[in-house]
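Scrolling down, you'll hit the structures one after another.
One chain, subunit A, appears in both complexes that follow, with subunit B as partner in the first and subunit C in the second.
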Partner chain A sequence: MTLIEIDHIERARVCYIGWIRSTAPSAPLCSVYFNVFLEPCAHVHDVDALAQDMALQRLSGSFSGLIVQNSSKILQRAFSVSVVAAAIQKMTRVRVVDNSSLGNTPYHRPPRVIHVYTKNGVGKVGDKVLLAIKGQKKKALIVGHKMPGDRMTPRFDSNNVVLIEDNGNPTGTRIKVPIPTHLRQMEGDFSKVLAIASSFV
Partner chain B sequence: QLDTHLFSFYLGYSETFNLDVLVSLLRQENAVDLCVIKVPEHIKYAEYFIVVSGISPRHLRAMALYAIKVYKFLRKDGDPNVKIEGKDAEDWMCIDFGKIVVHFMLPETREVYELEKLWILRAYDEQLMRIPPEVLPEDFMYDMEITK
Partner chain C sequence: MAACTRGLKNLLTSIKFCRTLQFQDERFLCTSALRFANNEPPKFVPPSKPVIINKTQTTASTRRFLSPEFIPPRGRTDPFKYFMERRDMVRRRKALNIPEFYVGSILAVTMADANASGKTNRFVGICIQRGGRGLGATFVLRNILNGQGVEICYELYSPRIQTIEVLKLEKRLDSNLMYLRDALPEYSTVDPEMKPVPFSPTGEVPVNKLKVKMCPKPWSKHWERPQFAIQGIRFDLCMTPKQMEFVQKKYAKPWEEYDMLKEYDTSKLEEQIFAEVQQEMNK
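Entry: the complex of A and B
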């Protein structure tokens, strides 16, 4: 794992909300997308262990706490991949995005949806679901899914979910992942989740 | 209609439900630790974010219901109706008035969530920084092509 030090940020604009992605580490120019798309590109140096802390500081300063990591085992595919992009239903594996201990401690099975609280069994953004996490049942709220929704609503690369108690209070205290703002117009109790979110899309 | 309009205007009673009305009614209800945060423009959530504590769950419920009552009284045609979110949770209730969002919490709940710190410090918040950086799996699909 090498950290990327970014010297000049020439232009930044919000692209789509994707994840950390980088090209091969040996390339002199690297395109990095996380929440901000850097364009054209920055100069990339390999940072050694001594300078890693400094790089971290500078990066966290410019990008508010996000750390960019470049994996050396990046998969280079020669074919295009089209993925299943369905909404959330029973037995889908989901990603818990808040900072609760239940959502973040590793377990040998990923959290799965066992029931969706809607009339049809399909869960979209803003629906409550029942998850099986670490051998226990927990309610959760869907905050993003892979399926394209309405025009002008964000689509995420992972099915994101926020854990919720039975009385509606969120289990975690912060959410780092961007949360869609159209939750506000929906029927339901979303103000609590919006209050602990740190970024909106 | 015109008479009451002139009446409230000359006596200095507010005609719209704005921030001043809300803050004064919260003060009148003996709200503990009233905190009003002006949300910056680039966060398109609300304009003002208010966090209030109460003495007991019953106190919180009474404050929330009174705020709704005053809002309904001062509401004009065209303003949406507002409901209390979290009615069955006794320690945390919210009301979203469009431009203002109010959270009624018990002091213990407030300590746990620390909403004021998050909304003032935004990205530099302590709890956010404590979340360890996320590592995605090696074969995570970014930028996938949706066949639609």
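Entry: the complex of A and C
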């Protein structure tokens, strides 16, 4: 295994670790371990593609006459495409379903979860979360999520949340959206939230 | 007993009274006591024969329908396991009437729910998927309530289910309607107070050739790809024919048609199981 250090790196230095197979008509097949350094650049969107490009340029420059083939499988995307993996966690955008003014006035950013009050960071129906709404922190209760749960329990098309105070009193006065009935059985005093709900599923 | 003897005494006295009256005036109203007094036995009117309307016979479909969860999946499991499961499924079906329905039919399910008011919970929705085999068979109902889309996955053989009622029996162009999540909400809305639409127990099940209009992309899954083989979406409104052709060509797997390990012919198995189940149900 040969380690190659690349000199003459310009302003965008790319940190990239991967295997690049290089074949040459004369030299035997050898794998080259390639290491290039990255400085955080705000305008670099697709880091891996840039890294590969730079790496390939450098490699082809230093090894003239070699045909470089990149056979490594690196994720080229910058976002996740998996289906709902965990119900509600930090940074999920939620939908406030009560009629409180804080939940219904438009704002340029959707309300996001910044903390989930459970042992693991995953929130299901009946868990309390901390939201960032309109630049302020507010506690909320999860009343429905997109992730499929137990059989016979409803699955909603949006992650629904009801704003509550620290003592558990809901901020709004009515909930139009249907609420799952198994919330009644859960530990925790949800009686006030259930009282303002208009329909159950 | 005392009342009977009192009644009898009254009758005898009335008979005697009537006898005396008869000789006095013939225009008296004829009573049963009087008829008795005429020494003519009343004409025997045989009771009308009861007409037995065997409702179970008429509604039992003369369509040959075997619920898909009876057909065992392709695999190396011992068929005895499925035989035992089928026995339990038939036992449950004798207790609860599970009607014939397909993906695309509108159902109303009431289940026992300790947390709901009245201890029962009724949900009406369109069936979008039927999954699972054996006792774990499930079906998913979808509806939109107060602008919120709700889906519930019910287990067919769960003891919590009290009634399953088919409000509208029909089929759709696909066997899986999960794309309704990305379609316009009007296609998933079902009126909870809907009246059951009458359907004939004989003949073909009507196929609803509806093609659904979709919300703008991105969708939850790439429904245009050939792996889903969806017929019920209006793709011409979402993408150009060139894009469609490109996607169909790129993600096509033409070798799957020749894959022998994916072959599973269930026709003979179905007939056997159908005969077995009919026999068990009629016992």
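The criterion applied here is as follows: the second predicted complex is superposed on the first by the 115 of 201 C-alpha atoms of A that agree within 3 Å, B and C clash if a C-alpha of one lies under 4 Å from a C-alpha of the other, contacts with A are read in each partner's own complex, and residues count from 1 in each chain.
Definition applied: contacts are C-beta pairs under 8 Å (C-beta built on N, C-alpha and C of every residue); 3 or more make two chains touch, one makes a residue touch a chain.
Since this is a predicted model, take the numbers as computed values, not measurements.
Touch criterion met: A:157 reaches subunit B and subunit C at once. Of the two partner chains, subunit B is the only one that A:167 touches; subunit C does not reach it.
Contacts of A:201 after superposition on the shared chain: subunit C is touched, whereas subunit B is not.
Legend: residue contacts after superposition of the two complexes on their common chain; A:148 is shown touching both subunit B and subunit C.
Once chain A of one complex is fitted onto chain A of the other, the partner contacts of A:176 extend to both subunit B and subunit C. Counting the residues of subunit A that each partner touches, subunit B and subunit C differ, and the larger count belongs to B. When the two structures are aligned on the shared chain, A:184 is found in touch with subunit B and with subunit C. Of the two partner chains placed by the overlay, neither subunit B nor subunit C lies in contact with A:86. Shared contact residues of subunit A, touching subunit B in one structure and subunit C in the other: 83, 148, 155, 157-158, 176, 181, 184, 199-200. Chain contact summary for the complex, subunit B toward subunit A: residues 43-45, 49, 85-86, 88-92, 94-96, 101, 103, 109, 112-115, 118-119, 122-125, 127-131, 133-136, 138-148. Interface residues of subunit A facing subunit B in the complex, by the touch rule stated above, are 18-21, 33, 64-67, 69, 71, 73-75, 80-83, 85, 99, 148, 155, 157-158, 165, 167-169, 173-174, 176, 181, 184, 189-192, 194-196, 198-200. Put simply, subunit A touches subunit C in their complex at residues 83, 97, 144, 148, 151-158, 160, 176-178, 181-185, 199-201. The part of subunit C that touches subunit A in the complex is made up of residues 111, 113-117, 121, 123, 138, 145-155, 158, 160, 181, 220.
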